[in-house]
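Residue numbering begins at 1 within each chain, and the chains themselves are lettered A, B, C, D and E in the order written.
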């Protein structure tokens, strides 16, 4: 499972940097940003199943906070090799800290 | 069935907050907003079937009002695990109060 | 077959209103607008097959006019329950008067 | 195979006109524009297989020019009735003269 | 496997030029830009399987650099003729130098 992201930093106009990230089942990926005076946004782009993925249901979950700073869990994608192997999230933005997590399941 | 939404509030420029929402069959989810001087918009993002969903037809419906303040029903997504498990609504905006409702059906 | 649309009216900045519309096979749905001094646009959003739809090919057609005011026919979506049950047209805009028409076919 | 397009003309702000176009296999469709002082863009919108299309692979190709005015060929869509019957190109813009061509193939 | 891209150059406002690119398995395609005073962006548009593609898993990979100028690999698309034959990346932008690479696999 691979995931490409870019974090935009905004001094005067936002600057975009490309990130890549390969998720392994049930292993967290933490997106932290430097504690500087800039605002940072995690902009989620392409989510693709890796060619080696088994034909089971793969759920990509993001953990962030809501307007009350309470933790929330959002399902970013539900992919299965024989049904849909990729999704383009069109730069869905989440304010860091964000944790990305891949979950696999034999159902379906 | 999970659903992520963000409500934008606009003092000078709109502020976006991330929401999550898990729909259960035939149980309403009401999105109300505080009765303050701000305009609020419900911006619908990602709709994903939960991994535990049965392989039946799932319809996600929104209930809101039209330009005459008459109630209207809109189908936001029609998902089935073996056909399409997720949809990105690209921040489809609806003015609250909005009710979200999941309906399941054995057909198909 | 359900279809959600919003017509934007533009006094100073465009105002958007949500519409819903359920199409029946071979029955026209006419979108007319008031003959006032505003410009109106029909902005097509979500097209979903209703849960009760048979597993046949469903074509949603729009009838409008081109730059010479000649009538044109545009296929907005081609949906079949077991292949693709929904499409998001991302606010595809057509100037009224627009006629929406659902056609069903046993082929495929 | 039907294809809807709109050509934007820009005197002060761009004006959009809706076009429709039905492609037949291996028959060119040429989009020419008037030789006036306006800039024209062909903005590709919806591509749908017609209900009468056989269940074979359909490729929609555009022929245009690159930055050196050399001819280039771009595949706009690869559709098959039982896999994916429609695609929304989100107003993919090409500078005329553009030639659209439908190719069918029994493979797949 | 065909891939259409356009590189935007920005003297005052960005200029867009259309590119085409046919990828062959395990053969690199390098997108270099002239070393002039302009900023260049590679904007990825349509990715389509060619009609002659075998029904195996095709992965399109981009190699670029991240914010530390370290090399990164991003999966742009995961396509298989009988599941999904095309994807629209909606002008996903990457700063050159970019290398595009097609990988095929019999799995799935």
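The rule is simple: contacts are C-beta pairs under 8 Å (C-beta built on N, C-alpha and C of every residue); 3 or more make two chains touch, one makes a residue touch a chain.
Computed from a predicted structure; not experimentally measured.
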Going from subunit A to subunit C via touching chains takes a minimum number of steps equal to 2
Comparing which residue numbers subunit D and subunit E contribute to their contact, where sharing over half means same and under half means different, the two sides are different
Note to self: subunit A rotates onto subunit B (CA fit) by an angle, in degrees and to the nearest 5, of 70
Between the Cα centroids of subunit C and subunit D the separation in whole angstrom comes to 21
Taking each chain's centre as the mean of its CA atoms, subunit A sits from subunit D at a distance in Å of 33
Going by residue number, subunit A touches two or more other chains at 83-84, 88, 90
Contact graph of the chains (line, ring, star, complete, other): ring
As the complex stands, subunit C meets subunit D at residues 57, 59, 64-67, 72-80, 83-84, 87-90, 92-95, 103, 105, 107-108
The residues of subunit E that touch subunit D in their complex are 2, 4, 7, 16-20, 45-46, 48-52, 55, 81-86, 88, 90
